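Below is one structure, written out as structure tokens, with a few remarks after it.
As written, the chains take the letters A, B, C and D, and residue 1 is the first residue of each chain.
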């Protein structure tokens, strides 16, 4: 049994809290949020203690692990403090928006036997994992190209966008991680086109809502990422990978399999699952499961701090490409 | 090169005329229709002579084959006369509506080396043929069940229904043939439920527009036929077959592969191909091809007179089941 | 909060136990099984008391409801005793294999304000429910034909088949209920063809593994049920319904959306979900939810005792049709 | 009736010859090829005269139009000579590999009322045209992103690659045209990653077999092209376009609709149509039809000389991006 402290009780924190209490080997011991009422609600719902400060929770020797679902700017501090307190950490993406701070964080915890996993949930989606496993098992021979389609169902609130670090560090960062996961090699070249076509508020923030990014590894494997912030038909999440002997794909998912056939259209299906909480429900549960197993086994984390750092480096390279008009090389 | 006389220049006769002139080894020498203007039009279009009587065409020693696409009540006479004239015959289904007349026809031609093929076009559809060939090749092991969905896009004109012999002899007869083709054994038991649910004129004719029929062979293989006369989404033509090791299916076809994805529906496709001339265009061409090859090779016909007779017997058995409320045994 | 006693801790009882404890408004208070060890295991797992007899559990005034998942021959007694004890009942299908006993059961409980729901789980499947709701909402106009494909992934154990009442009362009974649910009218005519083609043990039991059944309502709506016991590609569960303005269908479900494309095959997907526990996981949860809501609301049960009785009558009629070779009329 | 001279009797010339004689309003009057035997064969097959020189055919006042299907390096001369002879021209892509020569050609013919159409066949594919028409009809609101997947089934012969101008001018040029056709605006920015991953002979030629290209228009619309030379599952030709209210897609096509369902895979379909002659058969016929109609109507050509020039400019820009590592601006 792994006892957790949950830091952050917003939308994604509440989801993680629910997943933790549903897991047979996890227990939600403490909850904390800067908004006390949020923590109190989650604590009451799941029978967890509400911590007045993170220290109160970290000081509890019964706590084995910390799940960090607070705002991005708090991640670094919470990771450091949790590692110092000897806890295993599962931290939502991104680690931070500033690579220098990420590197400093690692320097600070590196010597303290850090057990830190970054929450790139899509690696745990059954369909995406099946594609990954088929590639690694050699089912398509040598891998050549990966295509990732990743579109949100709507523009986020302005308040969210103001602190999210921009499209590429907030949304595309998942796709950068997925590209690395599927490619099996580090991308070394990045080119990016990005635009604000959908909403004036995105333009006002100098942010983007429409982007296409190319990646290439040293051996020449290529990936293309397509991002868009307002797909009317749902949360569009698809991947495909071609290799020397074939292709593997994973398609979108829907709430049910009903089809309508009529004079105007045939085989018409429901919109795809609306957003990440619905689409990646199984993935979030499998993520907790993988974290619990890794902590119990004592081995390496399934998604490492370095994975979080690498994804941020690719996002930064994409911004650099966008600004310079050059294909940017990533060390 | 096979020289044809075409008897019947209505909708399906015109289609066959077009297919014949497009075939590299076929030539349309003569056309005939009781409506002279119809024959004249087809003759002019394809450069064929217009026969004043069928005798004029049959008397031409250059004619190798006759394609009979006239009204059903003329089939028997035209088959007999053509066989007597030493011509090979490709005759549209059904042979006739009366099994006694069919038997008499066979008795009359049996000794004259008859080369008669019945136009069950669906056997030549690339998708249905692929299913048939997969079954025969043992891909699903021993065959167990066949399901045939066969729905027209609309109620035929009253004048057509008055002479067509009823739903089971006009429309289902194709499915009876398809069932025999796929089952690979003769059905020996037939049960039928049929209704007139769609249109008052069907009821007024004591005809049916909605039917479900079960068939069973001596070894216990089963088939189910589903008929309906007014599918709004197009001409619904599907088959599936399950055996001990798997299932093979053939789905509907559409004019193109475009899909629409929006807030109300995703993957919405065009209606399926409207009716038999569109849906079975390739099948009709392959049927001509199979006829030409069989005549040239001198071997047995790919769809025999007996196949036409058997399908009619199943239709008759289905009517008997409907009237008696019994599962009817077919000898 | 609804407190349950669970009678029967076999495979399906264990699944229900898990579903009950996961439900926010349900509590598993007692478990009972004739095999003490089975009850002890489930009780220990979920923190429920183990009843030495059903009376011990029924005597507990804190118990609101009973979930009956024991062997079929015990259903009648357990329903009666539970109703007499004033408990609401959710009973697995079928009520019993003998219609006379079913009628006697109803006579015995009728006056006691019985709140009994029969576990026809498929009505609660999101895809099948969507088809049902679309039909009832008039999306396809007047309903004309329903097709139900229902195939198990393998022959059950002989010991199971010996007491299950035969294919039509054990497996098809779900499809009879689904047909009634979708048709919206009582079937009044039944014809059935059934065979033992797959396994010698089925033949030895005079049971069947391959069947096709036709149903018709008084207004002429038709349904066709296709059953098979050994589909290699998974638990094949599909429905379609055509009406005057269109068709609605529900297709099979798979564990993930991965497709393989290669030189031999394209768009190849995983086998469909293996069997009822995987396929109808959401349905079983929704069934519990519907029961809890109905008990709390005090209104009629979403699936009534009469629904269970009607499904059995259709199974009996199908057996009679099989024996007599007649289409059997159901009162 | 439009009388054609066909210049070039290789694989694609023979296909065009067949399409011309099948067209009700076209006639194949002359054929010419530098390889006399090739011209003789096509001439004999279709009853066309064999020209000893192109002048012989161009001198025939009965010739209305020229179809140029010879090697790329001859296109410019043949276009000029045909225009000078007063013939309408349908010329295979690309116009030439050298933009200076293309510009000189235009300068030479500009004043001579040139009626020149470039053979970008994909614009006439029923599925791609349906996507285009849906976009233009406003079905997805303002267009935002286009994705084009375009993969050949195998590496071309070395002799072909030696003169084809490289992947981007030979294969991608179709996709550049398709991007322009779908975007409805000129791309002004191009970035390209390209590799030789599949075959040593491609590397030896300094050519590429694996490429991804990004395009952007002045208003910010984006397109991504994915190219690969050796898709084992057939000729992979797909497009999708997303706009403010939805998405439209066109998927691959197969020879038939059969699916295989078994213990290892379900819904497995045939490989997609092998290569351009099969995949774009309808498109090539529609292309001839569009040319005939445009010549008869006397209006502008459906695919203009300028369309051919623009596609080449994008290919050149992509090569420049590949060499410089910069996103290249197209005037």
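Rule of thumb we're sticking to: a contact is a pair of C-beta atoms (placed from the backbone, for glycine too) under 8 Å apart; a residue touches a chain by one contact, two chains touch by 3 or more.
Source: prediction; values computed, not measured.
Chains that count as touching both chain B and chain D, per the definition above, are A, C. With every chain reduced to the mean of its CA atoms, the largest distance from chain A is reached by B. Computed from the mean C-alpha positions, the centre of chain C lies at a distance of 58 Å from the centre of chain D. Chain geometry summary: the mean Cα position of chain B and that of chain C are 41 Å apart. In chain B, the residues that touch at least two other chains are 232-233, 245-247, 252, 260-263, 270.
Of all the residues in chain C, the ones that touch chain D in their complex are 232-234, 252, 254, 260-272.
Of all the residues in chain B, the ones that touch chain D in their complex are 22, 126-127, 130-131, 134, 139-140, 245-253, 255-263, 270. Remark: chain A residues 142, 144-145, 147, 149, 151, 189, 191, 193, 195-198, 210-212, 214, 216, 220-222, 224, 226, 228, 230-233, 236, 242, 244-247, 325-327 touch chain D in the complex.
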